[in-house]
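Pasting the structures here.
Each of the next two complexes has chain A plus one other chain: chain B in the first, chain C in the second.
Right, the complex of A and B next:
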């Protein structure tokens, strides 16, 4: 193309490359900085000498974080919450989206309106809390995994996907005497792997990252997920608050390193799966935008 | 009894919908009905719908409460600023990314750009507090080298909005750009070739081909973001909230949280929450109405 030879365009490309480079750097630098803080010794951290490379490399802050009495229980609770929440969410979304994707279903429009209304007007924080309380779910994992099991937005994504599967495939199965439950399990779901993968990932990330619902609904700290513990460490109300004692035992850990280690150890699982799963995430948004 | 062929064929579908409908009735419409608490007095241990009608008592209470109005103002200001910035930047980013010719590099940049979307809000605030720390933060140690005294960014009311919005850009710009990148990828290349024939340079092509082609996508995103404008990242605000920055960081949601779940004024907090929810609903309808008038496109 002609314009690519012009000097103006070459200048633009040069500037654009620099802008993109700065952008990528601004996303990665905070992580790299925190990673090196988490591995650095206290004097370097307090002296502000740590940039993007650890100073006085050591693993003390990670050892200290994993010695936290409830961190392992926290990881366990997070895994349970995530697994149960994702399983219930996927199940409920599927059995809701599949029938609603049948255009000939009587009452379909009304049902969709009934569901979509909740996307624009919700009960709000206090009424939801009161409901969970009056159902007797306080301090139970069900308070975390039930109230948010069907997200209208994910439902839309799934419905759109199911509608894209040709009806003829189901017609012949129906003539063979399969009922809709078996058609869903044996034919539709195997054809829907991309959307199922995308929604599974969205749900996993949602439950893994969630702390607020645990804070308001789970009174027993031994039921808290790891994000809640990290939040307490960052707020300084836990662990980092008694760094003084750590110094007494001969270790030399700054509170900044501890917080950085706590942050890194909970973000690492997501960082590790991200490169392998990112194409499904992006696909999830794209699938939703087909109809829009 | 004769069963109609329609029902015989479709009864399984209705069976599947039993659980989801029960879910929506209990967990979504339950709390919507629960809003009557705003008009009723709550007695500890009593019903979630309150015990006794008190009319608009709780509405009058917040109407006359200056802390509510401060929170209201903060919400509006933060929402408008945030919308203006976080709506525009992803479009710009997608356009610039589209100019990167090397496909591999383009994908790498895009993938890195949307990674922060999956980082927990607890972690984002943790990172912010660390890099902005007045004692060990990298930002203040850099400012120190320039001879500037340490600034306690996360405690300063004047810095709150900047911190909130820039971290939103950091976290969501790449993710929100995906939809535009997809729209840009589907633009017919023949349009560019035709424009090229007519002597249009790259800039001219962007204005006359690219932007009109992605305009429908832009307007859809705009209506949706207008509707959810007041739905600020409540958890992030709550995590960044400190008594010392509260003059700018107290928004409607944090006000409701404090009043309801910390001070146990359930009815009062419900009234404030309902007021916020109704404004949100009005914004959606207004956005939808305007869009239908202008572009003929509407969500419902």
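Right, the complex of A and C next:
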């Protein structure tokens, strides 16, 4: 480790640390600003006096966010969607990726080509809507979790990871009398924890943040996820004197702090998951990609 | 041998595919049971109720406004269903994405029985395709609507919603009369402080802004919300470039359409804004400020002049008093005259419409649906939708209505109405003048409106050409290109990246080539 003593390396480390700190700051500062806006007094927010520390600390914005008639149902729906979507997604990805990772599978290339194809071309929104409609899935949670259960990108990640597991392990398992299904469950999956954890995290974040599919496919308010409500609060409270509308956003809470509170109360839950998956995530995603 | 093996494997593959297919049918079967309930809902009027006194179910697409998030327990909503003897199956969609979802639902032919809040462009696009019920064919069953149309003398605007085939495909949402509810607003406390006169012409405006800039060199006196088009909407009539249909205005003297954004008036408009920009009299973010940013600029005194809705002023004044000075006062002005004359905001009285899908005509409860729609235009329904519930939110005395003291003493009348479900764009069909003025609760709006009517400040509404489906397609194709180019060039002129003196002619030529000439030809052909 001689190179660690060279001046060049010290310089590199110094510059590296500075760049990293700047990077961290560029992510952390807006976040902290939003957090302090969400706790601040509205006239201070409108007056542009809020920096990284709340001015005129209060919880009014949060109270108003949680007074929204369907926000609690929204959280519940989001949790259900996320849990169900992630479970189905993981299951589908695993049973799809495992056979496709076997080079001996005939027609494998064609199948992979089919899957890759959907990465670049999709049917478009209206045909997809009509498909979902004729499957009778409109206004049901299945419209959210089924059609998007296989993401080609994650499938490829998983496939390459499975390919990296030495076939000898499977061969010896087979000699010990395991059938392919049990090999997958008892040998392969325990060896694949990093990729499973990484993809779980991806899926959880995807389902938690995705409001678009719910907006398109769900009609009843009591099925809407929380992100859709938040999106409406953020995008909508802007249009003060919109045509045909009389008034403004109302009360003494500035829409800025209301938005901040809405964003905070929905991002925090998902952020809290990260530390628990982080140890897998660190060695995670790209593990599958480079194994010779 | 190899071939044999191959075919064996391909059989296995085929088997695999068959298995997958079987699984997917299984899965969709599972979900089928789950979605059974919603199949009924989308069936709407068709499946429930068989005449008699049984309330029919009307499914309805609903624009969910974040200011008053949908609440199934609203008393007004209950009253609506009780009085009309219907059950409303409401499908709320967030306002932010409403027009998008609307297009998808209409394109895929799965609209519910009643669709609220269809904006004019979407209406025009889809009315051509025949997915909407031609309302004008059923006028004999809608006497209330007919009466209101006559009473409000709104035929000029109804004409804009009428297609080439002479039919009306939507149920208009109407304002009883135009209102001076947007205005140029200025900090009158500063005018007083520096002994300035309120501007009445664009030149005076320039001078006032200049003086105010001198008084506070760090400021950008003029700000704006809602982007470049927003500014044209609010001030375009005075400049003689609005109200326009996609930038086209109808010249009634010559009886032809003209493109406003190549006119001399428009040239003056961009020259004026360019001058403000160059001398730092206008906010550099004039076209990009979000509403929050704009509010901040106004309430911190960074900007002191803007065009906006008068109803916004209360909040900004309150914030400004806390942040800047106790004297802080933004107040509305009469229109500032430009080359177009003393013209105020657009007097458009129909901004959107309800539609019924054409397929509803085949449903057994169609007559009941029309009955409900007709009832929506009755005074009973209009009062309920706007004023709320009698003796709870409003009282009626000698034919005059007013809000109850409880409503009047709340922070905001509008908010008190929203809490019971009234003042909701999705349930009501008409905003009457007396109601609107009581809600705005600003004597200036009333007096300015009276003045506007007396002095003829309201410009006539933009005329919409009646296009054949083929022309409409051509229009859609061209107008996007034209619009993008217009927006880009406007920015270049105003920010000084292009010069009005040297680049104007090439701009006019290019925008004409990009489609304006063709569009003018199409529009003017409709007049023959």
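List of remarks:
We take it that the second predicted complex is superposed on the first by the 234 of 292 C-alpha atoms of A that agree within 3 Å, B and C clash if a C-alpha of one lies under 4 Å from a C-alpha of the other, contacts with A are read in each partner's own complex, and residues count from 1 in each chain.
FYI, a contact is a pair of C-beta atoms (placed from the backbone, for glycine too) under 8 Å apart; a residue touches a chain by one contact, two chains touch by 3 or more.
On a predicted model such as this, the values are computed, not experimentally measured, just so you know.
After overlaying the two complexes on the shared chain, residue contacts for A:126 are found with chain B and with chain C alike. For chain A, the partner touching the most residues, choosing from chain B and chain C, is B. Residue contacts after overlaying the shared chain place A:57 against neither chain B nor chain C. Looking at the shared chain after the overlay, A:220 reaches chain C, while chain B stays out of its contact range.
Contacts of A:106 after superposition on the shared chain: both chain B and chain C are touched.
Contacts of A:34 after superposition: chain B is touched, whereas chain C is not reached. Of the two partner chains placed by superposition, chain B and chain C are both touched by A:146.
In the superposition on chain A, A:70 makes contact with chain C only, not with chain B. In the superposed model, A:23 lies in contact with chain B only, and not with chain C. Of the two partner chains placed around the shared chain by superposition, chain B and chain C are both touched by A:256.
Within chain A, the residues touching chain B in one complex and chain C in the other are 46, 48, 106, 125-126, 129-130, 133, 135, 146, 216, 231, 234, 254, 256, 259. Considering their complex, residues 1-3, 6, 8-9, 12-13, 16-17, 19-20, 23-24, 26-28, 30-31, 33-34, 37, 45-46, 48, 50-51, 92, 95-96, 98-100, 102, 104-106, 111, 114-116, 118, 120-131, 133-135, 146-147, 149-150, 174, 179-181, 184, 205, 208-209, 211-212, 216, 227, 230-231, 234, 254, 256, 259-260, 262-263, 266-267, 270-271, 274-275, 278, 281-282, 285-286, 289, 292 of chain A touch chain B.
Residue ranges on chain A touching chain C, taken from their complex, read 42-43, 46-49, 68-70, 106-107, 125-126, 129-130, 133, 135-142, 146, 215-216, 219-221, 228-229, 231-241, 243-252, 254-256, 259.
Residue ranges of chain C in contact with chain A, taken from their complex: 6, 9-10, 12-13, 27-28, 30-32, 34-36, 38-39, 41-42, 64-67, 69-73, 91-97, 101, 104-105, 107-108, 110, 173, 181-182, 225, 290-292, 295-296, 299-300, 308-309, 311-312, 314-315, 318-319, 322-323, 348, 351-352, 411-412, 414-415, 418, 423, 425, 431, 436, 439-440. On chain B, the positions that touch chain A within their shared complex are 6, 9-10, 12-14, 16-17, 19-21, 23-24, 26-35, 37, 47-48, 93, 96-97, 99-100, 109-116, 118-123, 125-127, 129-131, 133, 135-138, 140-141, 144, 170, 174-175, 178-179, 182-183, 192, 196, 201-202, 205, 217, 220, 227, 235, 238-239, 253, 256-257, 260-261, 266, 269-270, 273-274, 276-277, 280-281, 284, 300.
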